[in-house]
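Okay, so chain A shows up in both of these, paired with chain B first and chain C after.
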Partner chain A sequence: MTAPRHAPEPQRSRTVPEARRESATVPPVVDQIAGVAQVQTVRGIAEARELAPKDLEIRLQADASSRLPVLVCYSAAAVWLIVGSLFGELASLKLHWPDLLTREGWLTFGRIRTAHLNAVNYGWGSLAMIGTSLWLMPRLVHAELRRPRLAAMGAVLWNIGLLLGVGGILVGVSDGMEWLEMSRWFADPWLVVGGGMIGVALFSTVAARKAEHLYVSVWYIMSAFLWFPMLFILGNWPTWSGVESGAVNWLFAHNVLGFWLTAVSVGVAYYFIPKVLGRPIYSYQLSILGFWTFAFFYALNGMHHLVGGPLPTWMITTSVTASVLMFIPVVATAINLHMTVVGRFGALRYSPTLRFVVLGAMGYTAVSLQGSFTALREVNRITHFTHWTIAHSHVGVYGFVTFIMFGAMYYVVPRLVGHEWPSAALIRWHFGLVVAGIAIYVVALTWAGVAQGLALLDPGLPFQASVERTRYGLMGRSLGGLLMTAGHVVFAWHFWLMLRGRQPAGARPPFHEARPILYTEAAADVVATSRSHAGSAP
Partner chain B sequence: MIPSSLAVILATLALGVFALSAFIVAWWRGHFRNLDAQARVIFEPRDLRFARPWETPAQRREREATYGALLPGRRGEWGGAA
Partner chain C sequence: MTRVWLLLGGAFAALSFAIVLLVLVPRAMLTRVEAPPWLEPYTASELQGREVYIANGCVYCHSQQVRDPAFTSDVERGWGSRATVPADYVYDRPNLLGTSRTGPDLINVGQRLPDPNWQLIHLYDPRALNAWSIMPGFPFLFEEKAPDAVRPGDRVVVIPGPRAPRGRVVVAKPEALALTNYLLSLKRNGAVPASAMARERMAGPLAGGMNGHDDGARPAP
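Showing the complex of A and B:
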């Protein structure tokens, strides 16, 4: 008899002293012998019956400890999502409707587009990730969040910095480096101090951990909270100039995608997919391989944005090579997450969290493989300086990061406010609008980017031809953006209803009308069927 | 060319050394031992015994055989309030 692949012994995470006592009496090799699976199962059931209340208490205490800072982060993130989306939509419209709102300086494309980028990345994305990390870390290390008020205050300072930074951009104050436009003198210091306070809360929580083992999500999240401040301070250092400034700019801009947005989001996906499905990750070894290869290879990637630029060829080639090496962590993560879900895709009908997170994980695979190919010189010579790059970045920051954050918030917020989301219909509208929006956006803009790149390479065509060929793609971009913005308004309104205490009408679970997304009578049938099977099972 | 790229080379090296140092420390402290237990640290026993309405009869039997009698899933367990 062999042990089922996805049926390990249920084992609560133990405190360090407990684990040491146990390891002294149970030889580790026993765990490796499939023949003892039955023994493990019996022991596991006994543990489950005896220890569940204590574990539940630890979890509830962990959730309660992080409530304040997480809600501060999520509330601000929802506001920045709406603000950033409106800026983005307006910037998109201006690309095919250039006379729109041109009288006011703060409404010009250069400021609105930059404000969009900073609002969605440092406002929505970063704050949603910080909130999710603050909620997740106490659960992962089985300890209460330390210094929650400090973390909440840090989030407030972060928002003050953002207000000053984005406001500064709108009035014309910019540092002029992509992803680093907010003033390094009056905006960025707020983010550094605020982020540092949040980091203190997170690291002191990990230092006070009661769980012996560090789950892979801890590695991703803690690394991100170390990498990001290093990169942010490096990128904003005021002494860079000339070529060096451009190189540092893209070292920061690409690594903030990887070492900040990607690291936290992959860590979050590694938590929610197994958690909702109720089965361990397909291969934990693969997840460890994925994390460490990601940590080693990603730092070199940024220079592929400067193919053809005034930098040593060996440096660009090294970056292209590292970009191709990213296949290893990406494929490891993709296989792992996919194989965890495989055979259970029906679960996506039941859980909005799983639906968003699984789609986000697919987005990660797509954007990473696309990025590796785009780094190749043969592809880059067509796609560089075209709308392809914008489509690619939206697959990453939206189809991957934002989807995972939506999924996380659908799971976390009810556990913080103590009741279910009020409306299944609003969740369905949100999901439908944002999925349709990003699909239209990416397809239209990718096509426009390729057409633009080919036209730019054709010496027989005037520059104007490359602009005209993108027109319908840009309209598609605006349509996609409009749908996404509408989805964000639905989501923010729903989130507001949650905070106001609105609860689902009636006793029926909100997803009942479509499918039994949450627990329904169908689940009761499952239990009854299962018990009858168990009675006849050998 | 090297002087004008020195900052980015040093920064990249620093990130690499940071990752390598973290890996060595993690190895030294035994974080790569007992990976199976690490994979299960996110679950409470209760999690694994909940009946999942999307699972096939075979998957439910496997869950029950491994983790014990199934518990009825609670409202909101799959993405809502617990």
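Showing the complex of A and C:
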């Protein structure tokens, strides 16, 4: 084993002051280890590293204040992840085994697929993001979470709405617009009220902030919590008909990806990458540029889902143009996130958080560039209406959003329950399964989509050809989905062990044991000392 | 940034701009779109069938739009004789335009496959008619009765070939009949009168080459 090296000190005041303070005060690996219950350890480490204990105390108070609602959100998210994965896998199998489970209405493809989308989007993704936002905001604004019980109650209402909505879809009650299927009469109001309660907690925390500067993550997360309710109410308003209902449909559906899933996940990536690496964000100017161009261009993208459709051409042209302009925010954000990591890729070996978040950030770059490209008419005439779109959406919602959320949860949960993840092996299995799964999924389905699109474009080929050419791609997708689902079971099991269990005495945190390059010697000593008392932590 | 109001104000402006441009402006313009004279509002049964279509997620595999023949093969494929326009959809609430063609487009299926018996067999078991199809059967929209339990008035569907249930008679439930009525009502090949050609007017100078609805000489179905 090589001697521990010193982590380089972050550069001074080149970029966001908040980012500097956040990253400078917490030795990254120490933050990976310390739970709420290990205050003494953290303080000891702070002293060993000559850091201000006050900053650590702010952080510990922030974590303690958000504990309840975050754990409620994360627990529900883990359940929805499993449920949603099973729906998704079954829907996938049905496309190459069409006679599978057709006798029961609630198991038909059109309902299971829709239940999958709603469970993973509003259940898994949204709840993981809400939990992470509730944990992150107090840390970023240096204030305890206000009204944590209200937020937890809001999360419960959100889940009731989801149960009714997804249950409704399965029994055949759907509002009929993609991404907006849950009943606007008996399911969506729960989400509006519950989400509103969470929003009150979040915004009153920001109002009570002690930190003057708003870090870039705050911009994205606060905006997302403004945008989502606007969109959700607009999309569910029951006045739309004809092609205008199509316009509202895709304004909503694209922006729920852009202004909700993407906005929060980019905000979270902006936090964890510099945090775990102990290094400031590459450029403040780029983050400003990235944010505002993101806000103004992304909002206009939706009509590219209707290229060639019966809408006024100028609407579609507007969206295609805006989609191409998305290059600007995407490249700005990509440079910012990736340049922060460059030179420190070795750290990915030791931090599961960093692994998932950095891979997720790469997923963001990839899916966005692919999206701009797909909006071009020449590409779209092949890929529109094909499985390409489904593969693309999984690069985004899985390879980007879900990976960032896995990374965040690996970081946050130990700080809420007060001990480390029990098993490094389970984390490795989870990572390996989901990475292999999504890779197979995307390659197989993208290939199927191109083959299908080319067949559809050739009027000399019967429609049958476009179906038969996708067969092996669809099977590949089921294999990928199976691996992802297995990874989710591993993750959910590990999360359950984490909630109910306690770290065995003397257990070492995963990913750091092989070669703790990020430790300072002094900090490592403190950690070693504290481990001998680990069994006594409450 | 240090000002919350500036941040939230800017975020609000960004989304509001998009809503005005892509929802409210088109809404104001589309109020001028009138249904073509040959397009009837859906009957009660067709609307009920439309609900069955929505409930079972048909839209996730079937689109309802014919795109411009200038850059797609939709018309050559026989899915319609012209690109569809806003006037074709005035009675559609919500839209079922769709974004997937795992199955073929359906906006003119009532003209292409007008036999209700074919539709019922296909809904019960698509592979009884097309072995290569990956569409799910919807047997739960049908009853399988013993032959002596069939009552007068029952709509019996004779399933051809080896995939017919043995010793049972397939009878369509009202949902299946309504869905069939809806599918047969999907015909949008009629001429679009000038008053309904709002698409071109709204498209303005950007429309170049996108006017797929100019074969107005075609008679209404």
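As a convention for this text, the second predicted complex is superposed on the first by the 451 of 538 C-alpha atoms of A that agree within 3 Å, B and C clash if a C-alpha of one lies under 4 Å from a C-alpha of the other, contacts with A are read in each partner's own complex, and residues count from 1 in each chain.
The criterion applied here is as follows: a residue touches a chain if its C-beta (ideal position, glycine included) is under 8 Å from a C-beta of that chain, and two chains touch if they have at least 3 such contacts.
Computed from a predicted structure; not experimentally measured.
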Margin query: Which partner chains sit in contact with A:T365 here, chain B, chain C, both or neither? Use first/second/both/neither.
Written below: neither
Task = Could you look at A:G242 and tell me whether it touches chain B, chain C, both or neither (first, second, both, neither)?
result = both
Have a look at where A:E104 lands relative to chain B and chain C in the superposition and call it first, second, both or neither.
second
First, second, both or neither for A:R113, with chain B first and chain C second
second
Checklist entry - Should A:E178 be classified as contacting the first partner (chain B), the second (chain C), both, or neither? => result second
| task | Considering only touches as defined above, state whether A:Q61 meets chain B (first), chain C (second), both or neither. | result | neither
Practice task
Figure out whether A:D458 sits in contact with chain B (first) or chain C (second), or with both, or with neither.
Solution key: second
Exercise for review: Scan A:T321 for contacts with chain B and chain C and give back first, second, both or neither.
Suggested key: neither
Q) After superposition on the shared chain, which partner residues are touched by A:H305: those of chain B (first), chain C (second), both, or neither? A) second
Chain A residues contacting chain B in one complex and chain C in the other 212-214, 219, 223, 226-227, 230, 234, 240, 242-244, 247-248, 251, 255, 259, 288, 292, 295-296, 299-300, 303, 311-312, 315
Listed in rising order, the residues of chain A that touch chain B in the complex are 4, 6-13, 28, 31, 41, 44-45, 47-49, 51-52, 55-56, 59, 139-140, 211-217, 219, 223, 226-227, 230, 234, 240, 242-244, 247-248, 251, 255, 259, 271, 274-281, 284-285, 287-288, 292, 295-296, 299-300, 303, 311-312, 315, 343-344, 346-347, 349-354, 407, 410-411, 414-415, 418-421, 509-510, 516-520, 522-524, 526-527, 529-531, 533-534, 537
The chain A residues in contact with chain C across the complex are 94-96, 98-99, 102-105, 108-111, 113-114, 172-178, 206-207, 212-214, 218-219, 222-223, 226-227, 230-231, 234, 240-249, 251, 255, 259, 288, 292, 295-296, 299-300, 302-303, 305-306, 308-315, 317-319, 377, 381, 384-387, 389-390, 456-459, 463-464, 466-468
Note: in the complex, chain C contacts chain A through residues 1-2, 4, 7-8, 10-12, 14-15, 17-19, 21-23, 26-27, 29-30, 33, 54-61, 63, 65, 67-68, 71-73, 76-77, 83-86, 88-102, 104, 126-127, 130, 132-141, 198-199, 202-204, 206-207, 210
Residue set of chain B touching chain A in the complex reads 1-2, 4-9, 11-12, 14-16, 18-20, 22-23, 26, 31-32, 34-57, 59-82
